[in-house]
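Each of the next two complexes has subunit A plus one other chain: subunit B in the first, subunit C in the second.
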Partner chain A sequence: MTNTMSLRTMAKMKSVSPSARTWRRFFKGPIGWVSVATVVGIVLLGVFGPLFVTYPGSYGSAPPLAPPSVEYWFGTDSLGRSVFDQVVWGTRTSLIVVLAAGTVATLLGAVIGIASAYSRHIDAFFAVIIDVMLALPVLPLMIVVTALLGSSLTTMVLVLGFFSWPEIARIIRSNALTIVHQPYVEGARAIGASPVRIMWKEVLPMVSPLLIVNALLTGSRAVIGEAGLSFLGLGDPNTWSWGKILYEAQRDAVMVVAWWQTLFPSLLILLLVLSATTIGVRYNDSRMQKFTGV
Partner chain B sequence: MIRIVLIRIGRALLAVWIAITAAFLILRLLPGGPVALMLDGVHDPQIEAQLIAQYGLDQPLITQYFLFLWQTAQGNLGTSFYSLTPVADILLTRLPWTLLLAGSALTVTLLIGIPLGVYGSVKKDGWADQFLRFFGMAGQALFVPAVAVVLLIIFALNLGWAPIGGAIDSQAVSAGDQFLSVLRHLALPLISLAFVQLGPYALTVRTNMLQILGSDFIRSAKSRGIPVRTIIWKHGVRNAIIPAVTLAGIQLGALVSGAVLTETVFAYPGVGRLIYESVLRQDYPVLQGAFILLAVTVVLANLTTDFVVVAIDPKLRTGSRS
Partner chain C sequence: MDQPTVLDVRNLSVDFETEIGIVNAVSDVSFSLKKGETLAIVGESGSGKTTTINAVLGLLTGNGRVTSGNILFQGKNLAGLPEKEYRKIRGAHLGLVPQDPMSNLNPVLTIGDQVGEALLVHDRATKANVADKVVSILEMAGLGSSSTRLKQYPHQFSGGMRQRVLIGIGLACNPEVLIADEPTSALDVTVQKQILDHLATLTTERGTAMILITHDLGLAAERSEKIIVMRNGRIVEQGQSAEILNNPQHEYTKRLVSAAPSIASTRYDTRSPQVGKARPTEHTKILTVERLEKTYQVRDSNTRRKRRFHAVNDVSFEIEQGKTLAIVGESGSGKSTIARLILRLEEPDSGTISFRGRNMATIRGRELKELRSHMQPVFQDPYSSLNPMASIGELIEEPLKVHGIGNKQTRKRTAVDLLGQVSLDESLYDRFISELSGGQRQRIAIARGLALEPELMICDEPVSALDVIVQAQILELLKRLQSERKLSYLFISHDLAVVRMVAHEVLVMQQGTVIERAHAAQLFENPQEEYTKKLLASIPGREILAG
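Here is the complex of A and B:
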């Protein structure tokens, strides 16, 4: 009796696909749920929030520098504009920038990483570039480029994307290196598959879980990067973003007085980065047997 | 060992060269061209002629490039649009403050981060370890200016223990007063910068240490009956120190980026605050010079950590004899 039971449970366990097992492990305990819910909540705020909130213009009608109240949830800035409205519209901009920049960085990183693993000539060239780009202080470089190109959303996306790919490329390269020497890749080459086909059909699917994790981590870094550049006055002057709210607080020298103007955008940055990083790390841990407990 | 040192020096030179070349290309290849950008805002025909002659803007691009390399190698980084003084002079008055801030933040990160990471790995899954893991994740998510503002509100505004900004009191006359004043002004920027760096750093030390503690030679040391304390300190930590130093070198870039934001909030008169001011003034030569200077500084510091690793890693030491 017990024997048949255990056999049945074993058969049941076998039928569970690896990805289902990963997700089951991922959502075990509250951390997985909370971090996914946080990201979903912020995305919903960015997508639908602006429909219900008027765009904060160049001046407001509210009393200036009012602390958070029932009427103005996040308080007001020195020009009498609602910080809540700014945060809602800023969420949309920050999300757009981060998604686009993360996509640019992930695409570049994946293509360069896989190609480097596949071809020694490409590797020799990009190894040096990746080394140097990881060694140089990135923020000052991004500042110079953005200042010269002129601040706009496009500049921000391109600059953040173009300076974030080396990390992904390095990780994907070392992961893909273990795959390009697998027998099945040799087999594909033997039957005459082109390098592009091998990289696309054989190597990419194998590195894609790691790619997803690192896309999330890079996106998180892009949130901080966007905030940093906007904070220094290099954001698009015509749209609100989390960094821009902080920039205005700094420019008007009210960062310390009007704490609400600093607190709420910083809190959203913290929540988004923390939960996106947690999802990435936890997904990676759930995929492997080893569980480090994040 | 000499071979390793030479390779590291070669790599550092290459990085500096690429940084300078990037700085050159950024300014030349952008739309509008260098002449328009460089002369934008300059209305004095004399300065205009001087600028054109200095940068060789009427020469072909390749000539301009070698001229730029030559000038940069001599320490000539051009003239500020705003103050009309040499960029190199401005940078040199600012650099000591950034070195002081970043250097002390790095020291604090190492001094606290290594013991913290070791402790977390030894007491794995204890409450301190769980806190460390959360702190390490949260550290990456913290935006430096936000941390700075929290510190300012608590310690400068409410408690009045620290000044709200700047680097030194102008009223401090005697050397002792000046020293104390510098320390008081340094405290909050230092804490905010080190706070953000510390978590991820300690977390990586912890991971390295766990890997070492799980390896075969530790198990055999345990089976020989060597006391746990000796194993942790003599066998574990000594091996964990080497990747910890390498990691400090890797984090230097992030440290400098953090310093730019920290200095901006605290009006700390370093290169980072200068960058913020120059963005507002559209002072491109200063921005370009600041990037080159910071790049060279980071590369040199990286080279130093490389040398430290070569000096303390016995594996690299024996390599020279064979």
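Here is the complex of A and C:
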């Protein structure tokens, strides 16, 4: 048999680095490619799109409520503005919100999660806070807080970030708990490493894959959160975002008539959430960090 | 005398389909087993011994399959038998005693249910009489007051008792062949001896043929008539036990025989006292431990009441420079706790640990960090004791970085130099430990321990996770480093045979207290305490070698 190899050659084969193996598995089959391409496409649209598209101002020159055509790809709204332009500019805003909120949530979640796993005192304090925050109805609270603080991009980022970290913290904590009891962490203590160094150098790298996955999942939730808040009119009134397009459609009571005004932003929300989640899940499945044996 | 053959395996080959292609795990394995015979399959991890028996039992995982060969059980070929047919044979005619008693019983079912299941699925009992039959099986397996045990759960049983339950399950349907896959490697030596004695009695009584899978050649020789030595999925040698042990033909078997600690250590009998005499008697005590105590609060599993559990009870000892003190004991004897207390991974309740003129038990902060640099640990499991996300260079340099010694270049030079000292290639510097074998990983752990040039190394079961040949190499390395660097070791092990090879002085512990303390040669030649004698008698392969 030509493709049979002995255990010895297998041992040699295994010297592919773990990350190379993960990515090879990730890109095996179309799902990996398609989801990454989608996210990259949306990001490119958000970064470079506004360079080519004029900002949709307060009044448009096009006929109002025109269905999609060669001239206006995504149709126009009731004020005669191109929905395509709105979507392009909205992509930028939505991405900024999602990235910033995701970063806030991931940082808070990672720091609190790892520290809770490492120190019992910190854990005792944050366990209560995390439980309470997870038990609270998030959406009504976000609405109240945003309404009180006044709607702006910064508020949106902070509100989304602040209400998303407990889930990350809880997952990272439970993952880190199994790691802080590994002999190698004790070994680091025995050579005199400080707690901060242990958390940073020994624990964080081991939880980072899970952190990446959860950052992606939190990011996708933030997309929906942003759209939800903007749809309710709590977004920044001065910038376009996907949620704002939907909000305007709803405000002008054209949701039933002008399907294009809701379909395209919703489609982008769906695509981004779906592919970010797929990337997260697939990445998690592709890497199999094992402690023992083959 | 000539018994009929019950199991005849001919030219068995097993392939696994993996991501990187087809891997041949077992090739061309042939052996036969007669009624009432015991056959041992010996080999290091990855040698294909477990895969072989899984193939025989039809328990290969989804990606594995028998590519050629026959498995003739009582004249019937089992290779390629449909699962439905196999189920009738497995358990009823081919019994299995699995390796780890801790994970092979379902924690949420009672013992009675689990033993009864084996009988019920093969219609060897009815719902009405299953309880009675289970009681008699448990009694046969050596568990007294079996009727009350029926309603108990696995967590109420010790490791040895659980293994007895598993033996009961394996033998429940009176199989013609019993396959025992490392049945005692997770157990203490004294328990191991009891279990194996019992297993031998049972199989002899019933005329059951047994296949014993083990990594311990001494144990195999003691317990079986025939031995198969496997390596890389092939049989390298097979024959009568005594023949293999005394007159190994194959190069690998020779190495295996000479490395087996239970066998190798007898050779050190004569040597170690001489070594002791040859050295000038120096009395530089490097570590002095006095009246060390540690208790834990535990909840009694039966009464649910809190009580204090004495893990370490009034332990005192000292270690001289350049010498090895070994602490021996069974699991739960407190030996690892002592290591953890000395490393200050746990706080002692009372007692002093004098190291470099300071009391390690009470200092903290900067002082503790400084003292820790003179005392380095090597842990048991080289798979979990090294950070899998760090490169080998980073691992070895980490202690230097933590203590702020040297700069980038000097640290790298030290690391490369240390790789050489533990006989590893310096090209490993940028690689990751996931690419290394257990023995190589343990070398990395030792190199890392040496980075700060400590005076004392605390080795907690440093070789018990390794295969025998690798074990011998690591012990050899530790000895070489000791003589080169005048290192002192605190060597913790459950394996007396290993201790015999390295220790100058031995501390025998039981339930947190020191039972006996003596020079190594003296302890092994002339043990004073009953418990020590029992431990020594439990080393497998002893009688064979004495004779």
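Quick note on the criterion: the second predicted complex is superposed on the first by the 277 of 294 C-alpha atoms of A that agree within 3 Å, B and C clash if a C-alpha of one lies under 4 Å from a C-alpha of the other, contacts with A are read in each partner's own complex, and residues count from 1 in each chain.
In this section, a contact is a pair of C-beta atoms (placed from the backbone, for glycine too) under 8 Å apart; a residue touches a chain by one contact, two chains touch by 3 or more.
Computed from a predicted structure; not experimentally measured.
Touch criterion met: A:Val144 reaches subunit B, while subunit C stays clear of it. Using the contact criterion defined above for the overlaid structures, shared-chain residue A:Val40 touches neither subunit B nor subunit C, since it reaches no partner. By the touch criterion defined above, A:Ala20 lies against neither subunit B nor subunit C after alignment on the C-alpha atoms of chain A.
Comparing subunit C and subunit B on the residues of subunit A they touch gives the larger count to B.
Touch criterion met: A:Arg189 reaches subunit C, while subunit B stays clear of it. When both complexes are aligned on chain A by C-alpha atoms, subunit A residues 292-294 touch subunit B in the first and subunit C in the second.
Contact residues on subunit C toward subunit A in their complex (touch as defined above): 15, 18-25, 45-46, 232-233, 340, 343-345, 368-370, 372-373, 375-377, 379-381, 383-390, 398-399, 402-403, 431-432, 434-435, 445, 452, 458.
Every residue of subunit A that touches subunit C in the complex is listed here, in rising order: 1, 3-8, 10, 13-15, 17-18, 25, 182-184, 186-194, 197, 201-202, 205-206, 289, 291-294. On the side of subunit B, the complex with subunit A involves touching residues 11, 14-15, 18-19, 22-23, 26-27, 30, 37, 125, 130, 133, 137-138, 140-146, 149, 152-153, 156-157, 164, 250, 252-253, 256-257, 260-261, 264-265, 275-276, 279-280, 282, 284, 287-288, 290-291, 294-295, 298-299, 302. Per the touch definition, subunit A reaches subunit B in the complex via residues 128-129, 131-132, 134-141, 143-145, 147-149, 220-221, 224, 227-228, 231-234, 246, 250, 255-256, 259, 262-263, 266, 269-270, 273-274, 277-278, 281, 292-294.
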